[in-house]
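The next part holds the structures, each set out as structure tokens.
Paired with chain B in one complex and with chain C in the other, chain A is shared by the two complexes that follow.
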Partner chain A sequence: MQLTLEFGGGLELLCQSVKIHNVDVDQAGEEKLTMRHLLSWVRTNLIKERPEMFMKGDTVRPGVLVLVNDCDWELSGQLDTTLDDKDVVVFISTLHGG
Partner chain B sequence: MSGEDVKETPSKTKAGSRQECFYAVFEEEIHCVIVDNQLFKPGERIAIGASGGKDSTVLAYALSELNRRHNYGLDLFLLSVDEGITGYRDDSLETVKRNEVQYGLPLKVVSYKDLYGWTMDEIVKMIGLKNNCTFCGVFRRQALDRGAALLKVDKLVTGHNADDIAETVLLNILRGDIARLGRCTSITTGEDGPIPRCKPFKYTYEKEIVIYPFRCNTHLIAGIYSPNAYRGFAREFIKDLERIRPRAILDIIKSGENFRIATSTKMPEQGICERCGYISSQKWCKACVLLEGLNRGLPKLGIGRTRGVNGHKEVEQTNGTKNIQSKPCGTLDF
Partner chain C sequence: MESNGVHSSLILQEIEKLKAEKKDIENRISVLEAQLNDVVAKEGTVSSSSCPPLSITYLGLEHGLSPEMIYRYSRHLLLPNFGVQGQSNLLKSSILVVGAGGLGSPALLYLAACGVGRLGIVDHDVVELNNLHRQIIHAEAYIGQSKVKSAAAACRAINSSIQIVEHKEALRTSNALEIMSKYDIVVDATDNAPSRYLISDCCVVLGKPLISGAALGLEGQLTVYNHNGGPCYRCLFPTPPPTTACQRCSDSGVLGVVPGVIGCLQALEALKVASAVGEPLSGRMLLFDALSARIRIVKIRGRSLNCEACGENAAFTRQFFQNFDYEKFTQSPLSTTPLKLKLLPETARISSEEYKERVANGEAHVLIDVRPAHHFKIVSLPKALNVPLSTLEAQLSAISSALKDEEERKGLGSGSNASLYVICRRGNDSQRAVDCLHKMGFSSAKDIIGGLESWAQNVDPNFPTY
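Right after this comes the complex of A and B.
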């Protein structure tokens, strides 16, 4: 599945300072790709250092904002949000200076 | 919003209308805070403390927009401080300059080198990566006031948001800093001083401010010298609380506001710094103590517990402040 992932607010530093990643995520036989699956995929495939800055437990670290197609993922079911081809997912850290 | 609205089927297709709604609500909430708290009077000259970061950029945009929309009749200015950190301000000063053009607000930049004779890079070279946030913060506070005085403005507004204030409440409790705890939740401070300050984003979640720039196309920059600042721990705690219950942030502010300090508590009295005339509860203000340390080659002076210059305060108190037995508010630092 083709997705566009964007990292901001310092999170791009964890993936070699690249902000925008066009990726092809394997659905691993699941019918629908969920954010839960995507997060573990990102952690394995994109995050090169300090994964604890990105994740805590099975979800993003508190203070990291997630937008799915410009919409806060808290409105679409967080980890259970399902993704479709060509969706855009944005991760922004708010844990930095103003 | 009713409970039913919230439970509405999750959908990714409504993002468009939600966005427009969010922008409108965000802006009107700020307007209400401004009106309810009578932050401004028509005809006032207002300096916006502009760091080039997300908070102040959003503040500059929102204020100039609301000023137009609701006819506040304000004369707005951008005020920036250049600390002299290589690479740090290059980007953010560019952002501020862009804001100057985009929002049509005149810009004034004051530098640490001009004000104190030291850039932050020179200070870091002298004292290392630890503790330099103390210098930066103390110097910045005065720099904004001095810049505001240069611009001859009536008020200074800063982009402090609800998360910042909740964090400050917690830090002041942890430090036992009663004097600051008393005033850190005020939306306007220093009304008796030459230039009052106010925080129109006092009730605005940081999260909203981070989402908002998608409208004004801002990118975000973090302080490169402060990856492990003590503030970080309190900040993370706030974010953990927010995850469990978003209102916790506003509740902490409310708790801070409702603190009542026993009348028997001795409070530090504000006087004037003998050296520079800035507000200070001590003989010398914090900036002057730090500067003295730098200039004498003893940069640790003024960091941590009070020693050195202000250590003699019990012996010679010449600026009229009372002898304070409790911890003086101006010298506690992390």
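Right after this comes the complex of A and C.
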């Protein structure tokens, strides 16, 4: 499944400072790809350092917003959100500076 | 030759004398300017209220705008969507800006200019030279003075007809309720996580809308909390992030225009809420990426029923707020004092003065600078070897051979070794590096206490700091 993944707010530093990744994610025989599956895929395939800065347990760490097609994943079922071909998923760390 | 030497020293003397006089004159000018601002501020309020009573009643003046106001805000009044009603709402409103830094600077300038009736400024900090590239409300003449004083003077210089209130203190649980309750709208222009939770919670307790902005590096974020059924900060971030994820501008850098853009947008959102015009950025968040010139506006969750601050069973009363320990909750300090780590025993550390002594005595040694490469490029000590902390473990063999080279160069026999010193910007990473080096067999490694900042402060005042 073709997806566009974007990292921001400093999270891109965990994937070699590349912000936008066009990826092809293996559905592993599942009918629908869920965010739960995508997170573990990202952790294995994109995160190159300090994985604890991206995930905590089976979800993202506190302070990270997840947006599926520009919409907070809280509104689409968080880890159970299902993804379609060409979806855009954004991971963004909240900023505190000023 | 000699007469030339005498001649140039005379010129140098003259230059020094003139520079001193110039500085003195500049100081006198800035004092006079401050006095002038105060006088203008007072006269401004006097003249606007001392217009002779008119014998003719003009139509349409029931909105309460004076002729001077009509002229000053005419371009607002000409906007069909804003008009007299919008301006009149604005003039009756009060807005508190917390933080007179990179975000607060443009926010305050625009809010003062646009005619907010009462504008409050909270900050405890003083203006520093390395603030000026982004904190555009402050001028060089105010370096060393309170940011609130400087910002208030700049706002009064733009608009003497509004009320500017100075709060020269840090916002804490003990004063936040009292200060914030005096305003209709709060603008969060602070720079740290505990302040963001504190301000949001206080806005929930008091029922005030919160215009929240943040900027770091080349990115910015903006949203309106606790407004029209929208979420509060805790709805979105119920658990604080790990402290390692909370970077500061003083460590990670920030491009000056980026907080400028976000601060302007904060002024815009505050103005919209105050004048009841338009659709505020509530339930949505704006994400700004300066490097790729992209702005994304995303839909965020609404108010959470389970939110500890604003949810259905929330126990966030005034009392609870006042006793809440935000520094403990977020594991980070409300003030911006940098961390002073104490990881190593005294025997594994030397002061910058001591290091200078050892260099002067010709001691055989290698100096490792563990700052990131882009820091090293700004300035470094002579002969320092740059081994960024993140690459330390991969470069142990390079360190070994540097030590061996030094021993050969100094003609040390077997049994006597070159010393190994580690330095960084402030003396935290150097301790982490020495700790790591000890574990990897470099048992004599020592860190230089306080890093390059200490070198600049105690050894060489001409060494640049940043």
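We take it that the second predicted complex is superposed on the first by the 95 of 98 C-alpha atoms of A that agree within 3 Å, B and C clash if a C-alpha of one lies under 4 Å from a C-alpha of the other, contacts with A are read in each partner's own complex, and residues count from 1 in each chain.
As a convention for this text, a contact is a pair of C-beta atoms (placed from the backbone, for glycine too) under 8 Å apart; a residue touches a chain by one contact, two chains touch by 3 or more.
Because the structure is a prediction, the values reported are computed rather than measured.
Superimposing the complexes on chain A yields a three-chain arrangement in which chain B and chain C clash. Once the two complexes are laid over each other on the shared chain, residue contacts for A:87 go to chain B alone; chain C is not touched. After overlaying the two complexes on the shared chain, residue contacts for A:23 are found with neither chain B nor chain C. Of the two partner chains placed by superposition, A:79 touches none, neither chain B nor chain C. Using the contact criterion defined above for the overlaid structures, shared-chain residue A:53 touches chain C, although it does not reach chain B. Applying the stated contact rule after C-alpha superposition, one finds that A:67 touches each of chain B and chain C. Note on the superposed arrangement: chain C collides with the chain B stretch 242-250, while the other options among 8-16, 242-250 or 260-268 stay free of clashes. Shared interface residues of chain A (contacting chain B in one complex, chain C in the other): 8-10, 61-63, 65, 67, 70-72, 75, 92, 94-98.
For chain A in complex with chain C, the residues that touch the partner chain are 8-10, 19, 52-53, 61-65, 67, 70-72, 74-75, 90, 92-98. The residues of chain B lying in touch with chain A in their complex are 10-12, 14-15, 18-19, 51, 53-56, 159-161, 163-164, 206-207, 210-211, 214, 219-223, 226, 232, 235-236, 239-240, 242-243.
Of all the residues in chain C, the ones that touch chain A in their complex are 99, 101-104, 189-193, 196, 213-217, 219-221, 236-242, 244-249, 252, 254, 259, 285, 287, 289, 292, 296-301. Contacts from chain A toward chain B in the complex involve residues 8-10, 61-63, 65, 67-72, 75-77, 81, 84, 87, 92, 94-98.
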